[in-house]
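Step one of this worksheet: look at the structure below.
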Amino acid sequence: MNTERNDNDVADWWSTEIIDMEPGKIFFRGHAIQDLIGNVSFPQMIWLMTRGDLPSEGHAHLLEAALVAAVDHGPQAPSIAAARMAVTCGLPLNNAMASAVNFLGDVHGGAGEQAVELYLEIDAAGGPDHAGDVIARWKAERTNYMPGFGHRFHKPVDPRAPRLLALVDAAAAEGEIEGKFAAIARAVQDELSRGREVGVPMNIDGATAVIFAELGFSAPLARGIFCLSRSVGILAHAWEQTQQGGRNKGPTPPAYRWTYTGSARRDQDA
Amino acid sequence: MNTERNDNDVADWWSTEIIDMEPGKIFFRGHAIQDLIGNVSFPQMIWLMTRGDLPSEGHAHLLEAALVAAVDHGPQAPSIAAARMAVTCGLPLNNAMASAVNFLGDVHGGAGEQAVELYLEIDAAGGPDHAGDVIARWKAERTNYMPGFGHRFHKPVDPRAPRLLALVDAAAAEGEIEGKFAAIARAVQDELSRGREVGVPMNIDGATAVIFAELGFSAPLARGIFCLSRSVGILAHAWEQTQQGGRNKGPTPPAYRWTYTGSARRDQDA
Amino acid sequence: MNTERNDNDVADWWSTEIIDMEPGKIFFRGHAIQDLIGNVSFPQMIWLMTRGDLPSEGHAHLLEAALVAAVDHGPQAPSIAAARMAVTCGLPLNNAMASAVNFLGDVHGGAGEQAVELYLEIDAAGGPDHAGDVIARWKAERTNYMPGFGHRFHKPVDPRAPRLLALVDAAAAEGEIEGKFAAIARAVQDELSRGREVGVPMNIDGATAVIFAELGFSAPLARGIFCLSRSVGILAHAWEQTQQGGRNKGPTPPAYRWTYTGSARRDQDA
Amino acid sequence: MNTERNDNDVADWWSTEIIDMEPGKIFFRGHAIQDLIGNVSFPQMIWLMTRGDLPSEGHAHLLEAALVAAVDHGPQAPSIAAARMAVTCGLPLNNAMASAVNFLGDVHGGAGEQAVELYLEIDAAGGPDHAGDVIARWKAERTNYMPGFGHRFHKPVDPRAPRLLALVDAAAAEGEIEGKFAAIARAVQDELSRGREVGVPMNIDGATAVIFAELGFSAPLARGIFCLSRSVGILAHAWEQTQQGGRNKGPTPPAYRWTYTGSARRDQDA
């Protein structure tokens, strides 16, 4: 017997608001799949799946900008290097992508999420004028790394940030968004740059966090959506490396070994 | 000393055609990032990164349809179940997504790639009229599972396939694509259904494979792009489960244990 | 030119105290590999690699007991279920193992590490008499889940804990270890059970944490070594499932679907 | 209601011969866990879990030698580099280990499994005298890479192989094993070295494959057990890197960038 069994504790264990199915029919958040295919954009679909409703065109446009901006930062990024090395170990693309997305932890992939948290804290504290207080508390209670500001490579300015901010400002001017998180982020930038000869400008994570906060995404989703974006670069590099070939590609050319700093050679002393 | 060193064997070890950077500047495939943000769609960016050029609007529209169509198939899909279980083990979204994307192997995520291979073989053999021969060879040399056709749940028809095919047909009518892989896929469908009371209709993998083949994507990229698409559903479910809570969510309600079929209990015989 | 290049900034980037090599020679922590193979046990090798020296037989015996104890907890454990589902998706064993080990996060795999932290805090606070204070602080500052005590399934007692404690006590009686962390753990057990009809007994994580703390392992290594142990069960289940077969094994029998709790069906409103 | 439900289709979906549990009791392959802890070695436990019975001391000793031999091959190995980079991205040890074990695919981790297959083929063909024929067929049908022989770094000899073979020979002399796979492997070595000035000696994978084949392990388990072994080095390196610190460690020192070989810079042409 193979009749459908939807109404029981086993089915309840996997309850979801996201997808409903019966043979020949699929609904996402109440929308029939055939109504979505060809009619909504991929960013709109991402929004629908993670949020439950469909965004306006203007909101989708901002989300799309964030998705486009963060796809890749080159083979020096650990996740990208991992993806390239993985395929030379014999892995197909799905496993290479998984290995690399796994790397997007608090340090490599968490800055956007943390910047949303920072902005929300400043908003809860009363807005831009309270940036200094919140930053001081952040440094005291969490870390001296201020997520979303400064960049170890892109000096003086991360080219992605001003472009993203310009789109945010345009959307605010058209009333698509409120714009308050752009003001908060700029207050953070001013606060961090105060008294320095060279400022500490917003980077891509600080800028995409403005978009996520303006659009009402929860902080963890900022990381989740960054993972969707970076997956594109990961795929592109894994695929390029597949075509380049190579077996067991190490991090440096094989002639470069590593420096051994451990114990002198000894006899077996077990 | 920290001067740039681009011209040496260490830099060559990581050579790439995808991304070029200098402080304050990022180029993808020759395009400055600030020219891409806000101007190209996310599907166009996926194309640019994996292919090297920007697609036409019509091509991007078809790619977007494939990306939208495949985001999710519900918690019975092993990848989606994995994503939901993972977050209850204490994993943030990036690790949950990685665990789940890893599942998209030959059986769970490879049908699109394999269907592209099948279509290319038929094309190389001379086109739709040769579908039967190629299918026979496929079954003899590879497996009886014909990728992209039939569905264990969606009977009689996978609702995603006809919608995707309609978009393909429309694009062919407008001269955006040639349409020959749609003809090949329909020939496969006819061949597999011959003599059966109930046909073996194209499913989502068979239909997206038509799109990928028409657009000139290599077969492995069909899986790679499917991974990008399914990552959306994976993220949505991981996030929903995070909000639902739970600790160490097992596959079934805890009161259901498992059936033990092994050796009888015995004394330690080491 | 392919001469060895050990003395440069590239080699220094990957400096390590663990392994030294030249063609035909491999040394781990100063020991030639041919002196280790056949002469040291696998647990001794684990110790050597992670700690830098070789343990006494007695210490290795305790580590081995912890490694044996934690290999598996059945298919209801998310990691084990993941391993089994993974192979039915077409993954070879290494990818299935990786997917599953990834699950061993703070909730599923972190209790041993957290219990070591708890014991070390109590030790730093002055020993067993301070268990109550440290527990109170733990609950106030971290969580109400006390790692290493109580078990949702094994009632009244986790059978692994008393056996492990007996080995610890025997080693302490022989002067192999000090035994102070066993006393601390028992003080935690007494404190948590005070005033309850049914106690909150030490579980496997609480007991292996005693071993790790007695042997001087850092808290994070408690999780790392647990991962080595659980990898055995993960491998065994993945392999058993490979032999059982199955394609795209979901969490429940296919006839059980899931309960949809989301939005009613609607027309496309993009 | 939360009574145990073992006898139903949901429990059957997760049937296993490996583990049996009831509250307060755990049995592996019929052995009570408290009888195993402290009484069987970790390699014996690995055997019990994957094979179903307990090995003799002699068999366990050979398995242990294989486990000890393969723990690590230094930071140039992609899996080890991945583990070290992963922790600098903010990942705890379980996620770093998972990322790295994932790398042990056909090329990086499959040689032992493939060598077992090769030996079994030669055995099925009639034994050592048929090595040449089977090698010729292997090269024609599979690949020119002969798994388990030759080494790109360890020249003239991989120091692990002769030590492992000596243990195999000793066990054969004592009647613990038959020794036929050692003869087969030596025949392969002779065949591959015929007519060359410098031979193609057995490497670690070829030697551990002899052990696995002698002990009756299935070929895929050769990879699985290699994963258990290499997990030790992965853990050791991940932990060392954690202690060394670093954030977003790339594959080369940051001053070394990468060589860009792609399209010239252009204006946005979307």
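Chains: A, B, C and D, in written order; residue numbering restarts at 1 for each.
By our rule, a residue touches a chain if its C-beta (ideal position, glycine included) is under 8 Å from a C-beta of that chain, and two chains touch if they have at least 3 such contacts.
Here the structure is a predicted model, which is why all the values come from computation and not from measurement.
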| item | value |
| --- | --- |
| Numbering shared by both copies at the chain D-chain C contact, with half separating same from different | same |
| Most distant chain from chain C by Cα centroid | B |
| Intercentroid distance (Cα basis), chain D paired with chain C, Å | 21 |
| Geometric centre distance via CA averages, chain C-chain A, whole Å | 29 |
| Whole-Å separation of chain centres (CA-atom averages), chain B against chain C | 34 |
| Shared interface positions of chain D, touching two or more other chains | 10, 12-14, 16-19, 21, 32, 36, 40, 74-76, 81, 91, 95, 98-99, 102-106, 109-110, 153, 251-252, 254-258 |
| Pairwise touch network: line, ring, star, complete, or other | complete |
| Chain D partner contacts - residues on chain C that touch it in the complex | 9-10, 12-14, 16-19, 21, 23-26, 28, 32-34, 36-38, 40-43, 45-46, 49-50, 61, 64-65, 67-69, 71-76, 81, 84, 92-95, 97-106, 109-110, 153-160, 162-164, 166-167, 218, 220-221, 223-225, 227-228, 231-233, 235-240, 242, 252-253, 255-256 |
| Residues of chain C that touch chain B when the two form their complex | 10, 74-79, 81-82, 85-86, 88-91, 95, 98-99, 102-110, 152-153, 247-252, 254, 257-258 |
| Sites on chain C touched by chain A in the complex | 1-8, 10-21, 27, 29-32, 35-36, 39-40, 44, 52, 54, 91, 95, 98-99, 102, 251-252, 254-270 |
